[in-house]
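First, the structure itself, so that you have it in front of you.
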Amino acid sequence: MADPTTVRTDARRHHDPQIRGFASDNYAGTHPEILAALALANGGHQIAYGEDEYTEHLQRVMHSHFGPTAEAFPVFNGTGANVVSLQAMTDRWGAVICAESAHINVDEGGAPERVGGLKLLTVPTPDGKLTPELIDRQAYGWDDEHRAMPQVVSITQNTELGTVYTPDEIRAICDHAHGHGMKVHLDGARIANAAASLDVPMRTFTNTVGIDVLSFGGTKNGAIFGEAVVVLNPDAVRAMKHLRKLSMQLASKMRFVSVQLEALLAGDLWLRNARHANEMAQRLAEGVRAVDGVEILHPVQANAVFARLPHEVSERLQKRFRFYFWDEAAGDVRWMCAFDTTEDDVDAFVLALKEEMAK
Amino acid sequence: MADPTTVRTDARRHHDPQIRGFASDNYAGTHPEILAALALANGGHQIAYGEDEYTEHLQRVMHSHFGPTAEAFPVFNGTGANVVSLQAMTDRWGAVICAESAHINVDEGGAPERVGGLKLLTVPTPDGKLTPELIDRQAYGWDDEHRAMPQVVSITQNTELGTVYTPDEIRAICDHAHGHGMKVHLDGARIANAAASLDVPMRTFTNTVGIDVLSFGGTKNGAIFGEAVVVLNPDAVRAMKHLRKLSMQLASKMRFVSVQLEALLAGDLWLRNARHANEMAQRLAEGVRAVDGVEILHPVQANAVFARLPHEVSERLQKRFRFYFWDEAAGDVRWMCAFDTTEDDVDAFVLALKEEMAK
Amino acid sequence: MADPTTVRTDARRHHDPQIRGFASDNYAGTHPEILAALALANGGHQIAYGEDEYTEHLQRVMHSHFGPTAEAFPVFNGTGANVVSLQAMTDRWGAVICAESAHINVDEGGAPERVGGLKLLTVPTPDGKLTPELIDRQAYGWDDEHRAMPQVVSITQNTELGTVYTPDEIRAICDHAHGHGMKVHLDGARIANAAASLDVPMRTFTNTVGIDVLSFGGTKNGAIFGEAVVVLNPDAVRAMKHLRKLSMQLASKMRFVSVQLEALLAGDLWLRNARHANEMAQRLAEGVRAVDGVEILHPVQANAVFARLPHEVSERLQKRFRFYFWDEAAGDVRWMCAFDTTEDDVDAFVLALKEEMAK
Amino acid sequence: MADPTTVRTDARRHHDPQIRGFASDNYAGTHPEILAALALANGGHQIAYGEDEYTEHLQRVMHSHFGPTAEAFPVFNGTGANVVSLQAMTDRWGAVICAESAHINVDEGGAPERVGGLKLLTVPTPDGKLTPELIDRQAYGWDDEHRAMPQVVSITQNTELGTVYTPDEIRAICDHAHGHGMKVHLDGARIANAAASLDVPMRTFTNTVGIDVLSFGGTKNGAIFGEAVVVLNPDAVRAMKHLRKLSMQLASKMRFVSVQLEALLAGDLWLRNARHANEMAQRLAEGVRAVDGVEILHPVQANAVFARLPHEVSERLQKRFRFYFWDEAAGDVRWMCAFDTTEDDVDAFVLALKEEMAK
């Protein structure tokens, strides 16, 4: 096979591959092993739309992580994974209980409502984490036709605030939800970071404690694109294939999604990438803690650091490194580390922060 | 940069890259130049969700094909491109006139209805092509609230039956539709094959003759994945970015979609791939015409050959080469050529056909 | 209780109650017995949203017509009854097979697609009636995710063309559909006219022959407003109450819907009204048959007469009596009789027709 | 015309018209003048689906209340009025800011999300009333495709908690929303009670202060059924007729909806009914205030009284009079008065409350 790095292409490089920031883990590119996997899966013909050998093999890889009943349905992106999952777990009259800060509520452009017709029953949380008590604020009225019926609890691991549920916390949620006849969905856009943080297999805080359906995230973990709905409890869903297709999440050349997930999950690439990103966040947090006037806002348990600092300092710092305000009025910012963040990146950033704080 | 073909990956090859069939152009893998382009775009950080340098540059590439008002919105797949386009061109109360055989009507799992709430007003056609007269069977009742309002005509180029509209035929449709206040969408999942067949630039049968919005197809033309809604008439759409997002078609690492389209369109890869596939279809058709008892059904104008032959012959042949029945009751089959189909593939297939017909 | 005809109201009469036409059976007002029933149900408090005594009693009335398993869910209008029914009978990924001329396809403003996300798989029919053979044109591909899944066959009795299925014809459809795992819905907007035409109880061509869910029509039969989804096979639906509410078809003061249906169905008002309308259509057809140059198009089996006559004659006639073109290009018209059509109305119309034809 | 009270009907009376409670204003029946209006509009033929004389005349009646640009679109029920309004005021990508306690959020079975695909951006409020400051918690991000676009602010007058906005409060909301390019919808299910409470014409707190679209409520004000979307600012909506139809809210015999609204609004029936209900609520509140241990929770400004009392007292009292818990855990109840509530009803209820409190 031709070496892709030497093959001539009419495309041109338009960016500087040495520049990285702290804006988001999906500002990063892809891990070289992912490109290698794409090359490996190329050539010849494979049945389209998921009947290929790579998607079949992916099932075995998923079984090694989530046990023999797990079934993976590769999709394009995280919003797709979430909205396909939630449709498969609900009826036309269903609703989903989630944290007010959940990605499905604040970052998916209304896709759950618009595509799925789903009402989200939200609960404010201090740290992005639901609890049985918080769930109970919305868990009622199943027989009341005037209320969209709560059928699913959706949680995010790690949360949008960089916090990580313990397995016991998730078990309590699942037990509570199941006791009410509801199912539990886990948005695992950053599940690898959570596993690395807890230092346990992914199943420990999913199947083992009662999660029914998982949105497995590959993109933020180093893939080019590609997530999967992983059905852990087959009784929790219906017609996954039909829902994936009608939700426009069915890749024709699916082998190229599946082989990326295989490249992540067959060995330890998923964990290497996640551990590294988490370590960089710890290094960053340590550096920041040494800077007077900057407050770290949430426990740094994964690859995100939330901080509060003077607004004008953030604005000056943003001219040197990309990152986002989280709550601009409050002066809160979010700094994300990725699989490709280097120690030098972190150290340079901390230095810059010190310089700007000192001005 | 590391050479992807030598980088170690935990993924394994699960298929024989020497085996090809005639089932579909999306059974093919990707062109090596596409892999090279992905490698080129990798490394460093780029703004996610479409604010990257590659997506910006793609606009210039698209301008070279479709003129300075064209704007490309990369999406994941063809169904996504179509349903985002049609939503952007219609109101909540809108309907779309299309051929009964249109992909949006028969092959998208009801996504236009389910995701877009769109009613499709279909017309039977002999060859997959609409005409002003055929459109008129559904083009009425704009003021009648009891009828979903026809706001768009959608045509496919080349059609699902492998036929190709002439620029004049499309102009007649556009003039007719515009005269009724309707817009025109072109599903260009195989637009490159049509351009190669007509031997004209793509704009000749799109902008120039009145097409408002185009679903540009990259996947069947050799990409890994990636299509784009190309807005040719900015007045024909609204809120494209919002609709792409809420339709779950917004890629986070969009640079990797855009660079594939650049690799196809910056030079002539798109045309080389399409011409080759078309030539293989011509070679196949010539070979088939020499076989008694096999009837070619539609003009072979792009990369598809439709044929009628004894059902049991098809079944035996399918054990040697993959392909699909088109109308099993009638004995009709579809044979597709792709960018990677070789002359040897075609010759071997024709030989096998002769052998099976002779049994 | 005050006599409504003597109670002072600030509303004024704005129309001439002596003028009737042949445009539609819902141009008619309501039967006086319906007003009497409304007065009867008035006064005092009744639980809202369907927990009232009238809705409860309606179940017993429905049982007398459709047997003890029937359950009625009153709704506002026919489109509501159909779309609630079809949603209750399908999943998110379901589709409905129906005649191209079906009301759900041509007269509901796209509500099945827009509100229910339902794809309609239509079949052209000569007389508005489906058959097992016609159904088979769309009954396939249940496992194919690229196709919306056919889960329901919907027929209309009597049809939109004034024709009436025999019980055996419906039985054949139901057996065929059930054999494929599909359910059968009957749009009975004019079910009373069909029963009067066949001279059999309504159950003879519904439950008895396999209909699962019925849209029972009260409005065209003399009610002010009010239809009901009548579930004949409880296993064919789910969550009717929730679907009725979220489809905005739940009346708060439901007693006033239910008592109208009781007034129609507790005795023979439904049948008197329907028989009368059918008889007027027969009288009209007989009169028309005596007029040279006017062709009756379909069997006159209920309360509609379809005819073909010179376009200019229709236009002159429309200045004297209201009615609609059915297919203006072909010169086809539809003349509807209602519960309040008189013999004099018919005779005057036939006379006018003769006069205009003679000009 | 026959006297409806003497016309024989097969319907039977199933309830005691002397029993009333405090559960809801839609537990009441209809005002006798409404029945008189229905009788008046009966007889003869009128064009269906809104082209009748009564619907035309209704426009003039509405003009007398809301000025010459107002246009009324009669619909079946309040959920229908709200969801049709909000669809007409938004695009496919739009969202609606409302109070967490809004009827559209908590009492419509998810119809806004399911039928309209609308995301509701909710804000907790102490008394059911939004303010510019509260709106600002959700009014941002119009250019951010990751967020459903806030296009409408929806308020309820009087609120679900029985409180009434002053005209100035609504003006401040409208000015603020308009300043952000958003439109303002008023859910006027009990608008008559608000007008009676404020003792001003309805226009004073609608058109005059900037409301764009009004859901006008007739049912709770004494109609059998019937509400109307009243478009006050024609630029704020599009395609009302199409949206009403596809939302299944188009009555075929619309004259019977319109004449009810005429009966309410042509004279002062709307105001008599509302004033009476409000006065009964004041009488109730006064009686309750004299009972030790019962706390009135919100200002009693319309026809609702919210109170807190021992749970077991409520349960005993519910055996004598129907009413609902509002927040069962807190012991909060809601007592509603209607147009037909009598002074004796109130006095008997207060007496019973005293008796039960004393036990």
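Going by the order they are written in, the chains are A, B, C and D; count residues from 1 in each one.
Convention: a residue touches a chain if its C-beta (ideal position, glycine included) is under 8 Å from a C-beta of that chain, and two chains touch if they have at least 3 such contacts.
Here the structure is a predicted model, which is why all the values come from computation and not from measurement.
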item: Touching both chain A and chain D (chains); value: B, C
item: Chain of greatest Cα-centre distance to chain A; value: C
item: Interchain centroid distance [CA atoms averaged], chain A/chain B, Å; value: 31
item: Distance between chain centroids, defined by C-alpha means - chain B, chain C (Å); value: 43
item: Chain centre separation (chain A, chain C; CA means) in Å; value: 51
item: Where chain C touches two or more other chains at once, by residue number; value: 92-93, 108-110, 114-115, 117, 145-146, 148, 242, 245-246, 250
item: List of chain C residues in touch with chain A within their complex; value: 49, 87, 91-93, 117, 145-146, 148-149, 238-239, 241-246, 250
item: Parts of chain C lying in touch with chain B, wherever the complex brings them together; value: 92-93, 95, 106-110, 113-115, 117-119, 122, 145-148
item: Residues on chain D engaged by chain C in the complex (per definition of touch); value: 1-21, 23-24, 26-30, 32-48, 52-54, 56-57, 76-80, 83, 108-111, 114-115, 219-220, 224-225, 242, 245-253, 255-257, 259, 262-263, 266-269, 322, 338
